[in-house]
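In the two complexes below, chain A is the common chain; its partner is chain B in one and chain C in the other.
For the complex of A and B:
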């Protein structure tokens, strides 16, 4: 039993080790401003990764989330820019914009889910396709350039990313709420148990009278919703979207999920682990920037090593726990 | 390698004006097909370049009815090679204007076009073998770094501390950064840090936040690209340190040029690296076919300093960049 506990705690231990490393390398690391920065910038990938945990646990995969985020940011900005002359610069316009992002996310997630469950196409292929579609659409909408939010509206919207309660900014609060809810859903709700059951063995799940397709579809819709929420927080940060928004977010989210101990083949989901995975990835970036440890050319290599190492360590512990 | 400008900007402008009127002189009969192969609009600068390419093609197509253009945009080198092969096989092009996605993989395919007796114009990124192209049109990366470096040297006190954001690791980025460092030689300006922001707003935002956390004193930032400058400015605003440092971007994005025009203290100047250089390349290639003006050699477009006084000249409100 104690070994299994240790396995669950693995990502947490890695995270603590990184924090200690960061603090010993640079005193600015533990300053509230730096902590706020790191947590807030983790929030986008973090919320997406929580949704991704459900999709992967149910045996699926979604490669389209980065492009989807860029596309949703694009239509959100366009919607708000169109509405400004009619509705004026106030929170109503922003709320409609947020609505566009969230509804767009639900629709995009439904599209992925329906293609996987109703048209019975492999999730890898479906989302590889929609990844290209969303990315091209945002480039087309932006005419190859950048879509920028109306300046006055942006000034009003800005506090949604930068404001908050003291140094705990809204993205951090949203990320925390999403993580808590996600953990609760995975551990204690019927939906979460169904997701794990389908991921371990969908045939058995079907014989147990679980509506497999409906649950799978819902995981993609949930992920779409969370991408929409991430966009609501992303747009006020820079007030712009372009073809290069959200590039590789899907892989970062998948990496975070795997580092956190969720099995890529499905059946075992760990939302807390995912949160740790996201923080680990952001901290590596942050520490490399703060510390000048290695040539910046090698940042990607360091991240790669840590991702592989995290998974290798977990595999061994996991195997030991099962024995 | 030493670059010589065989033709000066002014001379070309004059030529263009002269040949404008003689458009009707273009020979009757068969159409001349010009293929244009450029990378797709994946970031701000390339978006601007795509816009200028389309705009120029539309304009030239109307001015010279016997010229026909084929435009292809590609997301990677392999696709660009395919596009060029398709142009040769199916459209029988007479000339190729190419901005190579990468130098090495494109060298052999472009050489094949040249060996087939076509007129070849290479834009911005040189091929890895010399003497293939008839015409080479490029921005000046060394000057891009040098002009920025000279501004820092002239406008900062000795002992000032600056940070630098680099682009995607490429030769082009190295040339710029080396020239920048060389321009700062002999001054007592200290470069605190140089990290890669990958010409991306979000990456630059993150890197700048970390710089701000790490260094209590920063007097100026060389963002080296206007997309990165946008992310940098946002990070500075979030840390409430707008009054402590100014930022120099590069390439002349319209929003940034507008702020320089308005005399923004945070953005005193900018250095050009015009995406419209593709227009120069297409126009000159077209002129090769419709005029007697010699259009071979190397044409290097200098990098200029955009100041509040001359900013209006560099402001293209219709371009997406």
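For the complex of A and C:
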């Protein structure tokens, strides 16, 4: 038996430890209502983080996803509010709204990807720029306040977040599907292999007849699509969007990717790890809220320690492997 | 008395013993060549001498006294300088800043003028036209090598350890390097010189130590060993048939290039390649050989006409090339050929992944392909799931060849097929190339090693300054004629 492989098992061990800790601190922790709550709230960041895993593995980065989510939520709400007088309070209106979110996500992802691959600008710079643009646009659309979905429509739309099959709500189902599909794509599809190859060494990829720009562009489009999907599920939760929607989501998503063992410099993608990372971050939040051990205000500090620790553990494994 | 020596040194990494009872002594004013196949233990010896590793048994002697260097820099403080095969230069700093990196003159304020002046003097001593203010990232690979040598000289080395210093130098620069090494020898510096180029060893070395499988198998003084003798000692068997017998190319033209230009690098080159032919492409480093090949293969923007089997084709990417049965095998296997951090299997199938399943990559088929490749190309991997970067250079090259062949090319352009590869593997690769030509492939071999071009190719084209300088075959195919064409000494052979 070889030594424990921290790359693949580390996040899982941490997750199990957190579950045990949570259960021992508060009996309410394992109640179905709490678990549903934790998983459903993880779903937004989770779906975005799965997309982010592909972008980072290909050697890119996307800082704009939080603002993009807010902007997409904003235009989705506006679109539906505009359509209500004509189409009525109707599932058709909601479907069109969902279409706006998803198509908007694809377009926004394409914009990021095109600026990175066609205009050849560093991903950090591109997405820092679009982050500001999306954030500012949603604030402007809301005129500094909040965009609220038509009340009757909100009632109709609510079950998309709160409903589901038994206690497994739709966001959990969507997150699970996205995670399964993402894992499959990274491990077993040509696209995933190409993403890893490009992040590992894009010159080798180009000499191996991989269309480097196309694959890179697709990672951003995929991420945009997943942000759109997250928005479809997010809008019915609160029925509103404002300049403060989705703040810091990009960093939470990136943190989850890193905790999961994906290398920030690219070349090695771990979708399962990302899912673990997302769950670890939301469990910490949840446990702090349930147990009166540490102030919930220290949540960020604990998450920060976890991120640094995860990277240190992975690096030590790596260095040991070098020798 | 020797300035630096290993005495009965053994070295083990875990359970693997890589050196057994090595004795080697570097004398002042002497060039000592260390030769051996890849994996024979040369780099471990260099690391032991340079203070980067400690021996498992035996000792390192400096001026006759046992020493234990804590690190490479500590050895450097004692005047032991190592020039590594992989460069240790900061690309975004100037030449002068690199030469003085870590030992900048002046107190808190950098003394730019002094650094520039001293660097200029060193470069002049090396007969190199590089400006001290140039950014290292803007320099060509041979120029960077010169900067490394200048950096070592600035350390006032008593012992200079050089790992394959000439592998990337042009003819003229190798001349400057020889002159410099001879100058250092005259100044009393002890030089340890590792090289795969046996002609260099014969030319430079006062003393030769031959390694095989971690043991010293032969020691000789200047003139005692011929190049053949060295090769035999390294391999441990007679190297008969080093080059396979030449074949009989067909008459059909497989690849025809007309008026190909790569902006700034290649001007109006026309050539043709027949079925089953091995065509050599010789010329100095920088004469545009690689650029020509990359232009043909769609890896660089190029203009001109390319016909495959008489049909005009447009090749704008490596993928277009593969689709038309044309593959280019890069000279830069570490940066453009293989994903060093990825396992062998993923490297092997990367360029031909669409053959392994439409949606889902068929892993058993990949494993089967790896089995076939390791057998067909004799790839010796200690572990099946290891990463490509841990293979020896020769096995990396075989893996790259296997990877390229998986795209089923009918025309293969191989750039520097044996750079940094040991003698035994070289002859294997020659045999592979000839075997492929025998199967009807058309092969173009770009090489800086003239014996290789002459021994391998049916016909040789020589490039100079981005143009074709001439064509040689049959009795006219001699080193002398290649050099003349490559240097522009005479127009016709």
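Rule of thumb we're sticking to: the second predicted complex is superposed on the first by the 311 of 323 C-alpha atoms of A that agree within 3 Å, B and C clash if a C-alpha of one lies under 4 Å from a C-alpha of the other, contacts with A are read in each partner's own complex, and residues count from 1 in each chain.
Everything that follows uses one rule, which is that a residue touches a chain if its C-beta (ideal position, glycine included) is under 8 Å from a C-beta of that chain, and two chains touch if they have at least 3 such contacts.
Bear in mind the structure is a predicted one, so any value in this text is a computation, not a measurement.
Contacts of A:143 after superposition on the shared chain: chain B is touched, whereas chain C is not.
Touch criterion met: A:292 reaches chain B, while chain C stays clear of it. In the superposition on chain A, A:34 makes contact with chain B only, while chain C stays out of contact range. Between chain B and chain C, B contacts the larger number of chain A residues. Within the superposed three-chain model, A:197 lies in touch with chain C and out of touch with chain B [touch as defined at top]. With both structures placed on the common chain, the touch criterion links A:171 to neither chain B nor chain C. When both complexes are overlaid on chain A, the residue A:22 reaches neither chain B nor chain C.
On chain A, the positions that touch chain C within their shared complex are 188-190, 193-194, 196-197, 200-201, 203-211, 267-268, 323.
Note for the complex: chain C touches chain A at residues 13, 299, 317-319, 321-322, 328, 330, 335-342, 346, 350-351, 353-354, 357, 359-361, 363, 403, 407. Every residue of chain A that touches chain B in the complex is listed here, in rising order: 26, 28-29, 31, 33-34, 37, 41, 139, 142-146, 148, 162, 237-238, 240, 242-245, 247, 285-286, 289-290, 292, 296-297, 299.
Within the complex formed with chain A, the chain B residues making contact are 40-44, 46-48, 50-51, 166, 169, 193-196, 200-202, 205-207, 209-214, 227, 230-231, 234, 238-239, 255, 319-321.
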